[in-house]
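Accompanying notes for the structure given below.
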Amino acid sequence: MYQPAGVKTSPDLPIPNQMKAWVLDDPDHLSLREKPVPVPTRAEVLVRIDAVAICATDLEIIHTGSPASIQGGLPFNKNFTPGHEYMGTVAALGPDVDEFTIGERISVEIHAGCGQCKRCRQGMYTSCLNYGKPEKGHRANGFTTDGGFAEYAVNHINTLARVPDTMSDAEATLVVTAGTSMYGLTELGGLVAGESVVVIGPGPIGLLAVAVAKALGASPVILTGTRNKRLAIGQELGADRVININDEDPVEVVKQLTGIGADYVVECAGSETTINQAIHMTNRGGKICLAAFPHDPVTMDLAHLVKNNIYAYGIRGEGRSATRRAMALMAEKRFDATKIHTHTFPLGDLPTALRYARERVDDAIKVVVTNRQASSIANVAAE
Amino acid sequence: MYQPAGVKTSPDLPIPNQMKAWVLDDPDHLSLREKPVPVPTRAEVLVRIDAVAICATDLEIIHTGSPASIQGGLPFNKNFTPGHEYMGTVAALGPDVDEFTIGERISVEIHAGCGQCKRCRQGMYTSCLNYGKPEKGHRANGFTTDGGFAEYAVNHINTLARVPDTMSDAEATLVVTAGTSMYGLTELGGLVAGESVVVIGPGPIGLLAVAVAKALGASPVILTGTRNKRLAIGQELGADRVININDEDPVEVVKQLTGIGADYVVECAGSETTINQAIHMTNRGGKICLAAFPHDPVTMDLAHLVKNNIYAYGIRGEGRSATRRAMALMAEKRFDATKIHTHTFPLGDLPTALRYARERVDDAIKVVVTNRQASSIANVAAE
Amino acid sequence: MYQPAGVKTSPDLPIPNQMKAWVLDDPDHLSLREKPVPVPTRAEVLVRIDAVAICATDLEIIHTGSPASIQGGLPFNKNFTPGHEYMGTVAALGPDVDEFTIGERISVEIHAGCGQCKRCRQGMYTSCLNYGKPEKGHRANGFTTDGGFAEYAVNHINTLARVPDTMSDAEATLVVTAGTSMYGLTELGGLVAGESVVVIGPGPIGLLAVAVAKALGASPVILTGTRNKRLAIGQELGADRVININDEDPVEVVKQLTGIGADYVVECAGSETTINQAIHMTNRGGKICLAAFPHDPVTMDLAHLVKNNIYAYGIRGEGRSATRRAMALMAEKRFDATKIHTHTFPLGDLPTALRYARERVDDAIKVVVTNRQASSIANVAAE
Amino acid sequence: MYQPAGVKTSPDLPIPNQMKAWVLDDPDHLSLREKPVPVPTRAEVLVRIDAVAICATDLEIIHTGSPASIQGGLPFNKNFTPGHEYMGTVAALGPDVDEFTIGERISVEIHAGCGQCKRCRQGMYTSCLNYGKPEKGHRANGFTTDGGFAEYAVNHINTLARVPDTMSDAEATLVVTAGTSMYGLTELGGLVAGESVVVIGPGPIGLLAVAVAKALGASPVILTGTRNKRLAIGQELGADRVININDEDPVEVVKQLTGIGADYVVECAGSETTINQAIHMTNRGGKICLAAFPHDPVTMDLAHLVKNNIYAYGIRGEGRSATRRAMALMAEKRFDATKIHTHTFPLGDLPTALRYARERVDDAIKVVVTNRQASSIANVAAE
């Protein structure tokens, strides 16, 4: 039985010594392997993973290893386990941890800063200058340290948010995405009630940005995109107006609707076209959150941005405890994040789940993997 | 004699009814004309202009009319007087003005917001949504309302900063530029003591950005550029290190000097190359102030900016009362702005002065025009 | 007919030259008089007042003249009209006003800063340094300039918020109070989702602070007070827990509920006891908004505040456009402000209405006065 | 020899296993004892203490144990070593520490937050919610963990600032005080150039607040106090005007000098009288930093504070990396902190040094203790 020195466990939640975990072999190739269950140290807990959602960044890491490689280069053939949008149950406590108790359901955010660099010390833990250096205390599970496509993971207590009893496992996995959207609005100033917000791109982050902006009182909330099905979901989540940019000029429509242009734009599409639309639809002194980006250089109308005193914020992930704020809104049922959850597979079928997400099979938006089937496998394996 | 109803004047400072003013006829063509001395209304004063510096934006307005056209289109052949970096003497007070007294020496900043739009109400008067609408109360002298290449101008009291007796007229004209540099650092957070600041581009704003950053305790302050003479002036103004980008890779050098990259970058060169250098030399979570820009679209490594949580601020002019803060530092002799003042001409020789500025004749940086000779012309004319 | 030069009126909304207005004679004595309908100037409109709520500050001004006397001393026997929580219809436009159209329903906020002092220039218009000086452009209707217990008033366009068709006149008067609550939370940082908020004192501002905090996602929201009926209304408005401080120790209960003490406390009771409770229930690094105060000096445990890095913000009224943000939430029906509206009287019965408010007759919380009956009086008078 | 596992040492800087350290026996009684040299863990270094200044808080801790007792109650007879304003030499590195090298001279700040609580995660490490819990990672050397009246101490790397070669040991100890002053100005907004700053109380923090405010461009900087000798030092450090409150009414003088009252007040005297003076001399919308406090409750004119929208910040110590910013100014010789350094004693004479500081013998302001003599004692003892 799993009982590392200094770690607190509970007989109610017995933990095997070995677990099943998907590991990244070659690009686009994952194998289900046995790994030792990891051990939490100071300020860390062991999480039994109950559900995990698939993010576009997972697909990218599995394919190219970027945008954040684990130490020593690309993550291939290093026994690395991806997956970062998970939730689960606190299964064991590291030394002196009393902030959580065994058995509590929690969701996660990705970044645990080192706590000792200039940025962490400023509270900017997603900009940790020791990114990718676990020996300095940094963790970004599923990016630079082992992630959630497994039965267990170690998490820093800073990355945990409690899941209320009324929230399903699948819904709880969506808090990571909602937290990113919330962070974008936070960086834009956070006081969005009565302000106009345009969200560009009805992917998961964009759709939940609509929901969060609306929940915080933004008005109007405008969503632009190219797929009417997605835009319709945006309307269900609170968009006052949707714009299919194949049918209408979004810059013109936003100017008409707002008179002066948008106060805030959350750019989640990441194409050259939409980035320039963002610049042109933002009003003088307004702000743009860049939550997506193309990998290639972008040709932008920077003159318009500077001449109009527009602020542009690049965001990465979900800083400033935005995940907990997003959880607070979801716990109060201020919006129904499950509208973006389209498919569910058992952890053992991860390759199928990834394919649905990658190829948008059956109009997939968020594909969630649950751990029940894998758990039974693991239990068998552990006997 | 000039004595409009409701306006307070003083016998010590008699004002003619007519003044000499340069007006913009066709592109690149100015004429010295007679105009009525303008009349201040509520919260405004009449300024007798004693000296005015030439800014690159003046040259641009005189040439193309942009970046900010006066109401109703381009400013050509509309009796428009350009010039915005001036100082002078309070000559008359609008109704109920008691914030200043006649005879006080003052320098100006450009923007007087309307005071009634969303942005002005937030204190963001340089982002006034009524830009270019004087009937709403907005003024940007030398941009959208008559400016400083004249004997008199009307200024909103918000745009004035007192000039200490120990400061020369010429030095006082440089406060507008220093205010822009100060505003850039303000938008970057303002707490630059002990932080690394890179200034790109040793033009007037860049050179004074070096001086202001150093005065506020930034360390190291690094200046990049292509002309060694200019870089040498930057060193005199406080740069700890200068980089001639023709000789060294500025991104590499900044990374070596700072270890992690620059905390703040003030981009004053406005070329595609330097903007991308700014992005690549800024550290994770760092900030870039875009104080210049090319008119054509720029191809940028936006992915690097977003992945590194870098913030980019476009600034226009000198908001948040930065001009007064810059004046406070200059009044205390914290840096010698006159190091960028290279040439002086009488107002009557404005065309020569503009040529020196445009063609950088004799390594001209800041060319200042003084009003003494023009004053005597005006006095003759007014007889 | 009312048709001042430069003012735009509409035949659809004819305006008499004279109006009925309550004026403050001696302390606690108001008379209904005829006054000329006032004239809007630049950036101002004439508002036809349709409803006005009574605030405790009205009672104070009517009784003692404080806290903000009109120019030249106390407001008694100066033809001064109090009343500041009103809504109505745009009836005429000052010169060049195109931000609103005649016939639009609007609610107001109190403060129109001068737009030219240091604080206004920072966007802090409720801290206007020209407070009480209308010649500088400052207005605080019902405090330093004529207010809402009348048929018409002049308002700066900055003070207006549009009222949606779905909102009743009475509800719209409550936006002023909700705006104050919103401002308190704004000054506390505004990012209250998932944070603990304690509101002390279930008066109108406190009750709506509960509603606004809950709407923004605060959790838990705790309300303390002494009257169970009021606390019960707080529960209806979203309080997760109410504490009758006669029955329970609020400091102990807040610590139990939050573990570490409250993140934010909005103090709306203004007694020495409750202010010290606020200090002791706030966690290390937490913040207190002081929205009320006793007139006499208060003996406070300042040592506890300093040792625990607690921030205290005094607020006055409803700055940073909080009224518009409150309106945005109310327009979306995020909370039902009308739960605090208990009584309605016609404007002609203002003395009765004031008595209900002052003596809390019949458990009165918010007493609203409507202008229909007075309007007909006025119409008669104007014939 | 000292060579703990995982710790990096250098033969150039040999470390004994035992050291001399003053420990607090009964109230006001210290003994020089032998203790094991402590061992740094992750993100920590061992510091050889070269000099340490005496702070009023040291005297208080030695006398009463407050304001921050070590775990388990008062610090008496627990082998506790006080002293927190020290500087020294990096003598050994904890595991994986590469941010510093052995032999570097460093000064310290007091607080190392746990890095895992809500406040640390916001960057507010001086408000750490795990204050006094070293097992959670919190350290406040000289308060809750062993401090600087010893030959060696362990410090978290976050608490270190490099000392330039040009700075003496004694001057470097003053950085802790300057950092507190800098933090006070930081909390007040930090953009003090051209703003009026009043400092109340010419103790060490007050005097260096004058110096820092002036260095950052504040104007005017006004200092109030009761002792002319101290006020004269304030003038040398940059005060534009000093006010002996026994001779002049500081509220009146500040209003005369500023016209509108002070923009910022740093209250370092902590008496009821001066706190009320602070409230009454601050302008509408201005800010007060409470850097001192009386232990007994204070009777304050809170009504004036609230009615004037004044903000009050309690500060504890030196957060937001202010110590490093203060060091940057001192490294650039922007002010001469040594003007407050009056006396020096060897560590072995700590009791004498404490008496000078406590009784202000010979007008003592800052008394510094150096470690050279104690070192030789220790070397003897270690043989």
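Miscellaneous remarks
In this document, chain identifiers A, B, C and D correspond to the written order of the chains, with residue numbering beginning at 1 in each.
The rule is simple: contacts are C-beta pairs under 8 Å (C-beta built on N, C-alpha and C of every residue); 3 or more make two chains touch, one makes a residue touch a chain.
Quantities reported herein were computed from a predicted structural model and do not represent experimental measurements.
Same-residue interface: chain B and chain C share over half of the residue numbers found at their contact. The chain pair with more C-beta contacts between its two chains, of A-C and A-B, is A-B.
Mean C-alpha position of chain A lies 44 Å from that of chain B. Per-chain CA centroids place chain A at a distance of 41 Å from chain C. In chain C, the residues touching two or more other chains are 118, 122, 124, 320-321. Residues 42-43, 96, 99, 114-116, 118, 120-125, 135-137, 156-158, 320-321 of chain C are the ones touching chain B in the complex. Contact residues of chain D toward chain C in the complex are 67, 118-119, 122, 124, 126-129, 131, 260, 275, 283-285, 290-303, 305-316, 319. Those residues of chain B whose C-beta lies close enough to touch chain D in the complex are 182, 186, 190-191, 193-195, 215-219, 320-321, 324-329, 331-332, 334.
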